[in-house]
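Here is the structure we will look at, set down as structure tokens.
Each chain gets a letter, A, B, C, D and E, in the order it is written, and its residues are counted from 1.
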Amino acid sequence: MSTNETTAQPVGGIAPAMIRRTPKRDYVPFYGPIAMIVFLVVWEVGLRIAEIPELYLPRPTVIAQNLYLLFTEGGILQDLGVTLYRIFGGFFLAAFVGIVLGILMGTSRKLYAICDIFIAVLYPIPKISLVPLLIIWFGSGDLFQIVLAALGCFFPVVINTILGVRQCDQGLILAARDLGASERQIKWKVVFPAAVPSIFSGLKLALGIAIIMVVAAEMLTAKYGLGARLQLSGQILETGQVFAILLLLAVLGGLLTKGQERIDRMIGRWRT
Amino acid sequence: QGAFDAPAKLKVGIVPYISSGPFMVAQAKGYFKKLNLEVESEIFQDGGLAIPSLVGGALDVIVSTCNAGLFNTIAKGAQFRLFTDRGRESVGMGSQAMMVNKELYEQGFTDVSGYKLMKGKKIGISVRGSISQLLHTKALQRAGLTPEDCEWQWGVDTKSAPTLLAANQIGLANIPIPLSHAVEAKGAGKIATWSDDIMPDVQLAGWAAKETFLTEQRSVAVRYAMVHLQSVRDFVDAATNGNPEIVKIIAEATRLPAEVIETARPRWTGYALDGLPNEASVMEQAKFWTDAGMVTRMLDASEIINTDIVKEAAQRLSDANPFI
Amino acid sequence: MQLYEVLADQISHQWTSKNRPPTLAIDNVSCAFPAGKVTAIVGPSGCGKSTLLLILRGLIESTQGAIRFRYTNGSGAIVDGAPARMATVWQSFNLLPWRTVLDNVAFGLELASVSKEERYAKAHEAIKAVELGGFEGHFPSQLSGGMRQRVGLARGLVMSPDILLLDEPFGALDAQTRVYMQEQLAGLVETAGKTVILVTHSIEEAVFLSDHVIVMTARPGRVAATRDIPLPRPRAIEVQNDPRFSALFTEIYDVLRDEVVKSMMG
Amino acid sequence: MSTNETTAQPVGGIAPAMIRRTPKRDYVPFYGPIAMIVFLVVWEVGLRIAEIPELYLPRPTVIAQNLYLLFTEGGILQDLGVTLYRIFGGFFLAAFVGIVLGILMGTSRKLYAICDIFIAVLYPIPKISLVPLLIIWFGSGDLFQIVLAALGCFFPVVINTILGVRQCDQGLILAARDLGASERQIKWKVVFPAAVPSIFSGLKLALGIAIIMVVAAEMLTAKYGLGARLQLSGQILETGQVFAILLLLAVLGGLLTKGQERIDRMIGRWRT
Amino acid sequence: MQLYEVLADQISHQWTSKNRPPTLAIDNVSCAFPAGKVTAIVGPSGCGKSTLLLILRGLIESTQGAIRFRYTNGSGAIVDGAPARMATVWQSFNLLPWRTVLDNVAFGLELASVSKEERYAKAHEAIKAVELGGFEGHFPSQLSGGMRQRVGLARGLVMSPDILLLDEPFGALDAQTRVYMQEQLAGLVETAGKTVILVTHSIEEAVFLSDHVIVMTARPGRVAATRDIPLPRPRAIEVQNDPRFSALFTEIYDVLRDEVVKSMMG
């Protein structure tokens, strides 16, 4: 191999970086909250200066005040409980069915061929347009809410599970088979754990969708639940309250996601 | 068929608004139980969502809002009838405010004649084929305009209308009580006129049940209508005298603050004391939607309305009122 | 305990992939792996040794040919039948990254529903045997290459297999650990009487450990030569000073050189 | 190591399987369509036998007939075009922003800390509840639809991109750095291609969501587009037409997903 | 062309991970890698050889100590400064799985914005040098272990680095290919005058290829001994028959044995 004159010259700029490439470990956990606080302050002050009416977009302090009132006088806790029950009902239903089906589809070419077409066809149908049908079949109570949420979050779980299963290292499967694993054991002791990171990112998406679906369904038919409250506050133009409930939803979503991430990290501590 | 007051269960689809007041009163005061009816209710934000459940048999009685969908469903062969009144825009008591933005209000859109100012302006309605579209169209025609003279913005539901009015994104939208008062209080828009100024006594909705239900379970239907008539009396009385018991019942059932219910009281939905649907108004609406091409054929009144049940109920009530 | 013999009968294998012309990895390989003996396979890089191992283990299906297992039953008759336990030690380790060393080693026993206590006891023993005591709780990503390879070795050994397949089991080990592990393996083989198939790059290793060496040609892999290794057992590392050792080494080296040169020309 | 008596016995049942473990390659591509046809026949015949009214659930033949009429007389092609334009507008907008932000977030701990909290908070807010705000900012035309769709499908893209980036083998990054790659080059020549499978499964989810969001938004506000047609048909309870449009959406979704999979396979031909 | 010397000054490195006690991989290692010479590092498995290489290459930051580079400038003075090009050949190959052999080998040149024509020409040359002609279009997953290792080798060589770091570059090669590649490397080193740092498990390889051997202790890795290899150059494989070779081998072997025994005691 001949020496390349152009590229073999010492390039001053690269040298120092070569010795220290590991990024310095800053203490980053505070970056997020700080950014959020800055954002909120800009929001508050901006609206005060621009004198935008509360109707359009209420200020954070007004929202916080409304939220406080909702808790102390509005009995929002009951609604929160109802909504959480429906969210988790739908989420766990979809997670269970989605993971099992995803693993079976990822490991069986036949089953994949059969189910794939249904998934491809059902997935893009707006679930909200199925509300009338679902109401006929499941009534307009909790079961309906749970089924609708499950329908919404089933697809990310299935799709990500299949992806995870497909990415599983063939070598691991061979090794397990060599050690006498049955096809069933391979599925649950090799393919499934290998797919866990991917499944988790599916579950993360799913939980978000579950929240959205339940709230939307509650807005349509429920008497209790955060969605129903949202509908109600809208009816009397309590914009502050509307945003307070949205904030509650956001915080709820944030907390659930963080909790999920913590579980994910605990399970995934073998990585790096 | 057994005795007239044999125990019966029925499932009812309702909407959670003040206009459901009589039903709420009936439930709270135990009128249904008195007639041996066990009623289970399901809530729908939009009455249209309940029609498939009625036709499919999951519900026995529903609130059926007058709109193109109702007529078209019947035109396509669904066998159900409106068997009592379920709210109308009685004169002076219209429940829909026609709200305009400040600009239009200042230009003089302060009563129904103001529609003439709407040329080239935007009207916000929630969905096509709804009674709001009908109301606006009638008012425009009366002011010498056609619907094509304005721009129509769909998807403006009651929650987004106030903001859009305040932002001058639309000029006109109809907003129901009690929201309309809140909107005016917050300065988002002005009440220019009311639905009853445009179409006095227009029928808003009726209690609907399948033809088979009305014949096979006639006694249940009649008892239901009796409860309806009795609770309508309580409701209409309360609308004039502000009976705090009734106000409290409605506040609890709608989950709205009692003050809000009280403020809206003069314009709680109007009800016919005899329970009879306004046939003329219903047929006018049917014709309108048929002409608009949204209903496949013009219906006969007898295909939409059944008056037997409520007449028998009124008779029985005047013979012996079981609620007093 | 039964001793199993493995027979490869005219095995050929072609790898196919969608966008490339197919590769004929091995071509018409017939050979025997005698019962209770160690057979080494040597051959140029890419000649299909790992492929042959996969076929012998029944993990892929050869495009042609068949594999037979035979053993002597109680009354001395020779019977066809696959063994209960075979175990492979992989060139690329193939450890489950989400399991600790202990749970990787215990994996095979867990699959066979051995009780927790028993499998952990055995796994601990096997981990000690490969000198990894103290690393039971580490994950594979936290180990060096050589340490991972030893975990793979322990995972296979803990199964007490009837037939042991080793694909470069000492490739990632340092010279000394390698000798230590080789001696361990030699001891194990001599006492336990297993049928062992060993793929290796090292002729020394092949001669030192095996009773029988199969030299493969460059791709497509065929059998170039087979040689018995009549060195006495038990063997210690000093056997490498035996003049017969050097003679066998040179003999195999010469066959292999021709093959490698061939593989590099063409 | 002592021999385990229980497990060392020859197990007859395992033996034959040991020799032939590779699953036989059946010709599976027809399984899906056949399953679909069976499903449709059962639907048609079932409804005919049970005499379920069309309003409730129309038969496939009725739906097909309605679909035919929509094309020949209903001028649905124009709506389809409008809807496709909005879907792809939102999809590509979200894909671009999501992939770039995802890669930056996956490689910078600071940026991750800052953005993560906003994502966690914004993701679970039902996007539909933002419609009034969005209309004020973007009007009620195409731009609004596109932004809404992009908002909806941005999250799966970002989340899956971060996942893919995180799963990238550290060894590959070290090797690239060793070969003189700048941080930028590492991002685009190592981390990005390594994340492609994961990004693709995010895009698959995103396209589905884009369809759902556009249709939902059209149902609310649009004059043209499949969603607007769906709304109108639903409003006048033309159930046959509703299902015909849903079918059209499903087929559209199926086609788009299949197309996406084909691209994915082409790019990913290095796997196995 | 400048010849670079590398100095490691009291390097220690501790690996930390969240759920385990930290591992002290190397402890206070000071050593020099002379300019234009080959220095081999041998040591027990897990003693921190790969870790040391990462630190020398500047890819991880050592917990303590510093690395210095020096070269002689035009006027003969010794100057501090890092070289333009260093290249590493990895124990675990680290090939980009989505790139073909050709594009993997050309990767470093592509990063340096070398024109497509030029980089492909050079890559083809390097691929031929490691005897992989004909496999340019294969993906890594379609190659055997030894073939992948040779791709890694070609990828480093094509960069014409001033300092070459080799982590077990011949570990996955068969005996013959290994000798061939070793001879190739010896020739390259002798003519091109590069500074080479070679981690190996094979004492033979260390003695055959290097001018200088560093023996490391068991973990935590320290410098156990260093030995110059005064064998004449150019060297061919026959140098292994030289009695000095055996003497050096035995000497290093003895140090290493003690370390391995120590590491296994615990």
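Everything below uses one rule, namely that contacts are C-beta pairs under 8 Å (C-beta built on N, C-alpha and C of every residue); 3 or more make two chains touch, one makes a residue touch a chain.
All of these numbers come straight from a predicted model, not from anything done at the bench.
Visitor: So if I look at the partners of chain C and the partners of chain D, which chains show up in both lists?
Guide: Chains in contact with chain C as well as chain D: A, E.
Visitor: Quick one: name the chains whose C-beta contact count is the highest of any pair.
Guide: Pair with the most C-beta pairs in contact: A-D.
Visitor: For chain D versus chain E, what separation do you get between their C-alpha means, in angstrom?
Guide: Comparing mean C-alpha positions, chain E is 47 Å from chain D.
Visitor: Measuring centre to centre with CA averages, how many angstrom lie between chain B and chain C?
Guide: Computed from C-alpha means, the inter-chain centre distance equals 83 Å.
Visitor: For chain A and chain B, let me know how many angstrom lie between their CA-based centres, rounded off.
Guide: 40
Visitor: Name the residues of chain D that each touch 2 or more other chains.
Guide: Correct list: 14, 21, 56, 133, 136, 177, 180, 219, 234, 269, 272.
Visitor: Which chain C residues touch at least two other chains?
Guide: 17, 57, 59, 85-86, 92, 112, 159
Visitor: Quick one: which residues in chain B touch 2 or more of the other chains?
Guide: 52, 56, 159, 163, 167
Visitor: Inside the complex, what are the residues of chain C that reach chain E?
Guide: 15, 17, 20, 23, 42-46, 50, 91-92, 131, 133-134, 137-138, 142-147, 150, 168, 171-178, 180, 201-203, 253, 256-257, 259-260, 263-264
Visitor: Which chain A residues qualify as touching chain C in the complex?
Guide: Residues 169, 171-172, 174-182, 185, 189-190, 193-194, 196, 268-272 of chain A touch chain C in their complex.
Visitor: Using the touch definition from the top, list the residues of chain D that touch chain A in their complex.
Guide: Contacts found on chain D: 14, 21, 23, 26, 28-33, 35-36, 39, 56-57, 109-110, 112-118, 120-129, 133, 136, 155-156, 159-160, 163, 167, 170, 177, 180, 197-198, 201, 204-205, 207-208, 211-212, 215-216, 219, 227, 230, 234, 242, 246, 249-254, 256-258, 272.
Visitor: For chain C, which residues count as touching chain A in their complex?
Guide: 54, 57, 59, 85-88, 90, 92, 94-99, 107-108, 110-112, 139-141, 155, 159
Visitor: For the complex, which residues does chain B have touching chain D?
Guide: Residues 48, 51-52, 55-56, 67-69, 72-73, 76-78, 127-130, 153-157, 159-160, 163-164, 167, 169, 294-295.
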